[in-house]
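Chains: A, B, C and D, in written order; residue numbering restarts at 1 for each.
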């Protein structure tokens, strides 16, 4: 099997999401981190490189230097992972695309719809393999949900109810005697975070996961967004019309006490329904019409096909967030190896969030914020 | 303790809801069913009367006859329970109000906002004690939820997410090869059911239960209603603005596979949150800000106050739908006994769904349907 | 339908279990409480009689007077409910049996195995209809569990794990700074309670419920009982060999923090398994071999047969402890009406805990206590 | 940070547990697999080495050659991971101990108590750092359970109920028309598996996890083991007396339909109780005496101390089996780095399952099997 070399922009030792990407990639023993620009801070950059066995001369001071110098090397990186703050995604992505690098970029892809379309155009021109890191669709049982839908087990979708509540910013509300300042700095600053906080950070995961399972896109959204005296949204309720004409609701919040990381999707069809909850990611509630609800477990004999392929360890030995991320890379690396070998990736190889998904996510975020500012007027992404 | 005599309109032996009312009232050993017009069918009427030990001469052929004749008796009924199909509530209620009877009426109160206001006016003129049978607020742990809110344990409400999905009409959708005709006859006929099916039948329970716990009313609603080729709604998604300016969403459905009777309310405040689910009615999830979620059980030592008063049997011995209904009557009968004795009912005696709640419910139903027909325009009840 | 008249011994207004029996019987509109000896205290006795509309001359001072005088009446009671403290069951039951009355007696039936056998002999001689109030087997989904077993859905039973933990006596343990004296008076006194506290009070429910579902009896028990410096047991762990040779474990406790009333039964066979939990009594977990676990709900279309017959209200409208008790009486009263009419009760009419079940319960309690005192030696009930 | 080099015996590409060890170790970026004897099959051995970038000359044909040649190298491995079938642990461990290597060995440690004691003696002589891979105590919330116990939050332990049911061997029972042969070959052969199948494989995890949290050892066990016509046990029920005199029950099974990997521990004290379930490893049910049960989540602000240190990613992003395994190695590698640097590992560094734990596990297994063969006689490990 071909060894894959990669680089990373962002993701110093203290950054949670960089660590997750590296851990996820490490499930593939034939990959190697060989270059990086982990931090603008020289010391942090090199400390991270040292811990990761990246040679000092491939710990670059700037992403531009990295893109340039790597592109000149014979043993250059095969792809780059971009895990910097949202606002910088666009310029970094464009730089690496210019040099023809394959890219994995954190979500949201970028700050504006115009940027998203520019990235999409450039990536197509360069013919690179591009993934956007919506990791929840990497969970084996989300793949099984998609499989059940594809097999027609749900019939026609008639209603969707999905949500992503968290509680971690509740202290930021006036009157709650905030002792922390979690919602401050770049996160609370529209100049850095872009048009949205909560919808951009977690709401877009709802949109992606629903699309992944059902193939449906958002036709229109009518949103009510809550700012609680901040410049960016902390809570959003959304009425949805899907591309097939069916109805639904999304809710994302970072001020919902009692929820740690509550992504939950519920999909109702004419023949069956599904419920999946990220805090119990290994089981999937499935109810066929007229029958009793059942709990399908990853790894069980009755869970065949795609989910079984993504099952590393026996049923009941929990696979979680790292493994979902790893599954994204299982596909991306399979496709990349074929591309590098001059072969055509299969449909299964391409079972990772695409650039089109990233573009759709940016459109969705903007539509929600726009509707919210417009007294919940129906808005098309 | 004073014995209370009551009559019933509707509720023959085959009618589920009449049986529930009689069973709920029977928890009070000093009440007696003494008159009725249980069915328009003479035989069914008398068969029911016989089973309930109602004397044949007080099994009336029509509700008008019943109202008239009972009003002429010295030992007349103390109150009447009206459990007929929705469309007939108005005329029956008005007839008994005219004669000055105290009334318990099934929900929804009536078919139009105009009727509701007329009933309200007449009831005030006559000075009767009037209850509308929203029974879910009778559950001990819903009362405890209200108590926690009243004590300030939730702080200011910032978001509410509530729903009432059921699956029992799924067979009525085109393409599902319906073998039943559950959604037919009076239920599917706007002339009998009024403007709404699903929102009227179960959506109004969401509105009432939320109001009961928080005191909030609906300022505006933006709804998407689904008819699936029927004359009346089977599914509705609603964006809500509450009277305190906070946001929320309601969802009611009778075509959501996997749900039997899934009323669930989730209330988020600045200091805490609550979750209650009717299919596990004896526990209440409560999360104080910054602390772990906890499960409060009816009957436990830490559940004091109102919920404890409504606890008949020790913790863990489930009380359910009958007992919730019985709790409505515990209050109604306490208030009625005081009224009949010329005393003033206390605030606790009046802890049952009032005529004002019934009026608000009718307004809510009409606002939702109107918004749905108007491309989800914000609509004020 | 024949009207049934009954009397009660014990069960004054403050007694929880008397109220439950009366409430359960009241679900049958053609029954009437007409006599009683509700308390040794004259005033309490008459206050209870007044509330229940029992004529003063049928509120007896002693149970002996009641048995005698009722037996002399033409309109005598059709059956008597005995809800006094355990120690008195034997003499009261024998008195009413002597006079030929049909009996419903609270569990445990009596204090010793000798007494149990004497009751059984006398009841057979007199040909009375006798029930022992193990109410948990009245839950619709326990009946469905039995039906699934009877239909062979579990195959051969190979293991059973059942438990009944409660927490309410934890304050009685040394070192816990008891502020209450819940475990005192008659309950903690072997002279009144008999040989056992915890096993007698709740452990016997485990034994009965398992027997009800599977038909299995206890062949041998090896028990470890914990007294924590009291005269009677507060906790018991039991290794079981069932009559079919299979293995299992029972646990009953009144000092298990975190459990209110946690009766849970889990039955494993070669073809399927069942799990039922009294605090969510309306659903039954059923896993067929090689398939996903499913949740069967009372009232759902796929729950047919016996459980459906015992379903008063639609799925998802919870029926609880009162209704389970009522189901015991549904059967008992059906059988009694046939007996009084000179007909033979059907097998379904007799679907209530029998005298044989009561005898087996007493044997079980004694075997557990004996094994516990004998270093867990295997002991045959 | 010092780079650590390790070798592995067993664990070819198809072996599940070898992959888990490598994945778990890979969470530490400064570790490297440099030697191995992954399979007795030459091709499998080298294929695995190739995938893992192990140089061909360090892919050894036999574990003896590996121990010998590695011991002669200057850049020899720092520790060896032994993941071969149970029966071979003893001889392999002894070989590497002889050469002075630090060892991580899969559980159970070995086949007999005599072997266990011999390993213990040798390891002490050689002064090596030895871990036995009971990974469940690596879960952050199990560490938090231990912390709550250590802080006195449970008071004195009075009862423990723990179990580990699985369903995967149910097809092996007579009468179930087995289509597989999962329980065959080495697993079902006492010559290879040792005295026990089910108790050895999973029952010993119960014993270890309980010991880890409470520090309690097994004083005596009274067991009933079920063989179902096989040579080794498939199901075991165990009555336990703990070293503090308290009671409890363990149940392990591989024929319990409906359970995938159901390790569950419940610990009851005089001041509080804990419940932890491996299939929802990120939350811990904790009930303080007299209060409501609460759900503690890994990563939440109220979960401080040891569990927080082992939290890689934010609350609600599930960490599972790999991460638990990784936590074992976090400690082992910390201790190993100190040892190699001539420093003394701290108590926290040594927070991994020790050789003493491995010895105790072997004793436990033998005591259970012996008791089972002796009609459940109390047996001391």
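Observations on the structure shown:
The criterion applied here is as follows: contacts are C-beta pairs under 8 Å (C-beta built on N, C-alpha and C of every residue); 3 or more make two chains touch, one makes a residue touch a chain.
Predicted model, so just to flag it, every value in this text is computed and none were measured.
In summary, the pair subunit B and subunit C forms a contact in which both copies contribute largely the same residue numbers, shared numbers making up over half of all those used.
Copies subunit C and subunit D of the same sequence differ by a rotation of 180 degrees once their CA atoms are superposed, given in steps of 5. Seen from the Cα centre of subunit B, the chain whose own Cα centre is farthest off is D.
Between the chain pairs A-D and B-D, more C-beta pairs are in contact across A-D. If you average the CA atoms of subunit C and of subunit D, the two centres end up 44 Å from each other. With centres set at the average Cα position, the gap from subunit A to subunit D is 34 Å.
Rounded to whole angstrom, the centroid-to-centroid distance between subunit B and subunit D, based on C-alpha atoms, equals 55 Å. Within subunit C, contacts with two or more other chains are made by residues 290, 293, 297, 300.
Of all residues in subunit D, only 1, 16, 19-20, 22-23, 26-27, 29-30, 51-53, 166, 168, 259-262, 278-282, 297, 299-300, 312-323 touch subunit A in the complex they form. Listing the residues of subunit D that touch subunit C in their complex gives 155-156, 158-159, 161, 163, 167, 170-171, 173, 175-176, 222, 224, 226, 228, 235, 237-241, 246-249, 251, 253, 255-258, 268-273, 275, 285, 287-290, 293, 375-376, 378. Listed in rising order, the residues of subunit C touching subunit A in the complex are 286, 290-297, 300-302.
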